[in-house]
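Mind having a look at this structure? Questions to follow.
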Amino acid sequence: MYNVALFGAGRIGQIHAANIAAHPDCRLQYVVDLYQPAAQALAEKFGAQVATAEQALNDSSIQLVAICSATNTHADLIEAAARAGKAIFCEKPVDLSLERVERCLATVKETGVTLMVGFNRRFDPSMAQLQQSLAAGEIGQTEIVTISSRDPGAPPAEYLKTSGGLFRDMTIHDFDMARWLLQEEPVTVYASASSLVDPAIKALGDIDTAIVTLTCASGKMAVITNSRRATYGYDQRIEVHGSEGMLAVTNLPESSLVKSSLSGVVAQKPMYFFLQRYAEAYRLEFASLITHLKSGTAVTPGGEDGLQALRLADAALASLTSGEVVRLKA
Amino acid sequence: MYNVALFGAGRIGQIHAANIAAHPDCRLQYVVDLYQPAAQALAEKFGAQVATAEQALNDSSIQLVAICSATNTHADLIEAAARAGKAIFCEKPVDLSLERVERCLATVKETGVTLMVGFNRRFDPSMAQLQQSLAAGEIGQTEIVTISSRDPGAPPAEYLKTSGGLFRDMTIHDFDMARWLLQEEPVTVYASASSLVDPAIKALGDIDTAIVTLTCASGKMAVITNSRRATYGYDQRIEVHGSEGMLAVTNLPESSLVKSSLSGVVAQKPMYFFLQRYAEAYRLEFASLITHLKSGTAVTPGGEDGLQALRLADAALASLTSGEVVRLKA
Amino acid sequence: MYNVALFGAGRIGQIHAANIAAHPDCRLQYVVDLYQPAAQALAEKFGAQVATAEQALNDSSIQLVAICSATNTHADLIEAAARAGKAIFCEKPVDLSLERVERCLATVKETGVTLMVGFNRRFDPSMAQLQQSLAAGEIGQTEIVTISSRDPGAPPAEYLKTSGGLFRDMTIHDFDMARWLLQEEPVTVYASASSLVDPAIKALGDIDTAIVTLTCASGKMAVITNSRRATYGYDQRIEVHGSEGMLAVTNLPESSLVKSSLSGVVAQKPMYFFLQRYAEAYRLEFASLITHLKSGTAVTPGGEDGLQALRLADAALASLTSGEVVRLKA
Amino acid sequence: MYNVALFGAGRIGQIHAANIAAHPDCRLQYVVDLYQPAAQALAEKFGAQVATAEQALNDSSIQLVAICSATNTHADLIEAAARAGKAIFCEKPVDLSLERVERCLATVKETGVTLMVGFNRRFDPSMAQLQQSLAAGEIGQTEIVTISSRDPGAPPAEYLKTSGGLFRDMTIHDFDMARWLLQEEPVTVYASASSLVDPAIKALGDIDTAIVTLTCASGKMAVITNSRRATYGYDQRIEVHGSEGMLAVTNLPESSLVKSSLSGVVAQKPMYFFLQRYAEAYRLEFASLITHLKSGTAVTPGGEDGLQALRLADAALASLTSGEVVRLKA
């Protein structure tokens, strides 16, 4: 039985709390949140206790901490948890600063604790099956990875201010998917982007519409198209073209009802919200962590995956700023 | 908070136990099952107690019983629970004998308790949306209801022996869907059927492949096609043709992965098992019951729905036996 | 080179004229139509001559006649052409009277000429591929054939008056498909039907909405659902369920454009009109006739197919009239 | 009636010959091809005469010439036809050299004749409908155009040698589509590409797998992914994401047959060959030319479209060679 301390009782913390509580091998022991009413409510719902970070980390019965607090607390909490010898799950990103991430991961490495970074899409059943089919050679050699990733609507300006910008906040998931599917580190990054969706985003100096191309030394390539707004729902598609075929993950409709009439043949929109679209992914992500902890096998995605995705995000931003292709060290 | 006693700790009882336990307004208090180890395991999993039927029904703190035990116990348990003044959820069917169902419902009526019969498909999000679209007149007047309902594989002969036969065991769900979508009671039933799937089924005098046609006085019609085996998974489709269009619920694939290669464009099979396909339906079914109990509004589907579906099943069997069309009283 | 005389310069005659003219092994020699301007226009368009029936049938250079004139002329023209020793293509039906068809086919048999009856759907590429897949055993043994056949809109009352009614005019195509896919003659026919679409149809004593069930001695079954009106286009689907899988022909959309927006994911309607949906089928039908004539192999569908489909239509009508199941001689 | 002279009796010439001959307002008068047997066969098939280029161009009864000969003859023939005052249809490209195209178009301009360049995809019914929907504002402002364009298999090395390379030979169609859908000239071009498909292509210094990104001054963007080989057929998809929705043209399957079995739900592959996929586009392309000639309205796509697409191809090649983004003059 793993006793778990959860940091952060917000939207994403609530998702993980439910998955922790429902897992047969876990017990949600502590909920930590500076905003006490949220911590209290979540703790009560799942029979846990409210605690401070110190209490949670100093309790030797806690084997695992789940970090779902604000981004700017992640690196510090990871380090503190690592020094306390806890296994760690941390929502992406580790930090918005590459240097800070590197420092944090060094600490993790020193202490030898397990760290999983929350790239939840790897655990979506359709995307996991895509990756397994690729790995099994079902379409031969991978040639082109195409990722369409579009949010249903732009987040509030308040959120965007501290988000790190489109590439570090949103595209970072797609960079992780690209690396995971290419199975090779990109050597060039080229980004085009515009502010077409929301003047508030432009005012912040951020972008909302982007195309990013990645190339690998072997000739494999990936392209990501992003938008902060898709009127028809949460658009999450991946397509991999290989020497012997193509694998594609399409959107999941809100229901399977289809209406045919004078207006056409109308199917349902894709699920609107990431919490709905990836509910199963979050559950399987946590279950995967526990499985690996139990068997002592390596956990993925780990800190290095978080670091590499951030490197690609930074390179994309550099490309956008300079208008030039950015070359990465192999 | 509703305290619930669950009767039956088998496969379907486990589904309901989890839904009861997860419902914010319910507490799973008792698990009753003659097979003690099953009762014990389920009770432990959800922090409930094992009890006898008498203990559960005599405990005045229990407001609701969920009957998921063997079919031949349903009617007796419903009557006992009704006399004890409990609200009742009962898995279909109330009984395989029309006469016994009528007697049982008379008792329910006398006692005035609430009874929901477990026609779970009404709560499937796609099918519920279909019904709401129909009710909202989205395709005008209903003309033809087409139900394709095929199990992935035949159940074991042991189960079939006491199942009541295809029409009472499997088609009964489709009869309920037909009534619910037609919004009018059928006046004729005609059934054709064969034993093509499994010689064991034929040996039992049962059938495994069927087409049943229902007509209503207004001219609306429904047709059901059944098979005990669909190699490609659990085939559960409904189509309604109306004066202004068509509504269709298609199958739900196991994932959204699609592979294109020399062999064609291959999508995933429909979900294989009813527990997977209707997991959400079971959850919403129970939630609907609680919502209605809380608000004191009428619960559907009720005992009358169970009775009418069984009448159609019996009529289908009479049609098959005689080779003639069976006319029902309006 | 086959010299062809075409009878009937109406809508369907024009389709066949174009296919005859475009066939590398055929020459459209004569167009025969009582309405001279139509004959004249069509003949000119394809470099043919206008002729009377006598001229066309007495011209020994004519090897093939294509009968696309009014239904009530078919049987007489077939007999005349047969006696003149011509190979014959005749649009369905041979006649609306079973007795007249039998007499006509006797003449054909005596003369030994080739007769193809225009059940064009057998030549639709999707449906032909379905039948070939079945014949190749791709889904094992056939169990249930489901045919959805709905016209985009009801024909004018004028046409309906002499049409022979829904079963002989429209369902007859579906009866042919059912026979072709079942590969066994049905032994029972049960029809339910209503007049829901158009009061004019009801006034004529005809029906516009129907479900017909066919069963075979082996236990195979087929069900046909018909409507004279489908607001979303020409609905032409077939599904065959077998012991090892299911084959389905879906509708063909007017284009492959799909629009996703707040209103849903909207695909195009099925092709609206039979001339568009079956354009390729008409072309391939005629090509098949020529191929068989050249090789001296048996032409299908032949007169017997026309006769059997009409028998099923008559049985359906008898079932509807009596409200009972009709049993056919094996 | 337009009398037409056709140059080139090869594969694509045969397509146009059939469309010319079938057009009610056209007569195929001459077929010109240095390879006499091909010219002879084609002329015979459609009742035309074989002629030399001089004969055809000097015949004042010829109003229109269709140039379907080898690429390196296009510019000369266009100029000769223009000087002879003929309206001109020319298969793409006008020439592989930008300078030569400019010179050729100057001549066309001087003479004032009509020139249509054969970007056939604009006339594909699905793609034309996509463009019309965009133009009608159905998805608001265009933001991202995504073009997937993959040939079923690589052409022979012999062909590739004189093809001008992937961008000028194959991507040029996609550049035209991008321009047509963006409705704005791109200002930057960035191309990544690899030789992954066929060593023979690499040996020629050519590429077979590419991603090209185009950006416009307004912020609109387009991305093209190409491969010389798609095992599953001819992959021709376009997707446009806009401020109010998404429009997508999907592939057209070879038939609408779908097979469900243990192996999954298998739909047909996309049509394999461009002549099948775009047969209707070729027909409508020619019909559009005639419509515009008759009405005296402007023909599109014209020479300028051919020129701009070639500019993009050259820019893509420059980008690939330099590894840098190429900026175009507005």
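We just call them A, B, C and D in the order they show up, numbering each chain from 1.
Keep this in mind: a contact is a pair of C-beta atoms (placed from the backbone, for glycine too) under 8 Å apart; a residue touches a chain by one contact, two chains touch by 3 or more.
In this text, all values refer to a predicted model and were calculated from it rather than measured experimentally.
Asks: With chain centres defined as mean CA positions, report which chain is farthest from subunit B.
Replies: Max centre-to-centre separation from subunit B belongs to D.
Asks: Quick check: superposing subunit A onto subunit C on C-alpha atoms, how many degrees is the rotation, to the nearest 5?
Replies: So the angle, rounded to a multiple of 5, is 180 degrees.
Asks: When the centre of a chain is set as the mean of its C-alpha atoms, what distance in Å lies between subunit B and subunit D?
Replies: That gives a centre separation of 57 Å.
Asks: Averaging only over C-alpha atoms, locate the centres of subunit A and subunit B and give their separation in whole Å.
Replies: Each chain's C-alpha centroid was found; their separation is 39 Å.
Asks: Note the residues in subunit A that touch 2 or more other chains, in rising order.
Replies: 230-232, 244-246, 259-262
Asks: Per the contact definition, I'd like the list of subunit A residues that touch subunit C in the complex.
Replies: Listed in rising order, the residues are 230-233, 253, 259-270.
Asks: Under the stated contact criterion, what part of subunit C meets subunit B in this complex?
Replies: Where subunit C meets subunit B, its residues are 141, 143-144, 146, 148, 150, 188, 190, 192, 194-197, 209, 211, 213, 215, 219-221, 223, 225, 227, 229-232, 235, 239, 241, 243-246, 323-325.
Asks: Under the stated contact criterion, what part of subunit C meets subunit D in this complex?
Replies: The contact residues of subunit C facing subunit D are 125-126, 129-130, 133, 138-139, 244-252, 254-262.
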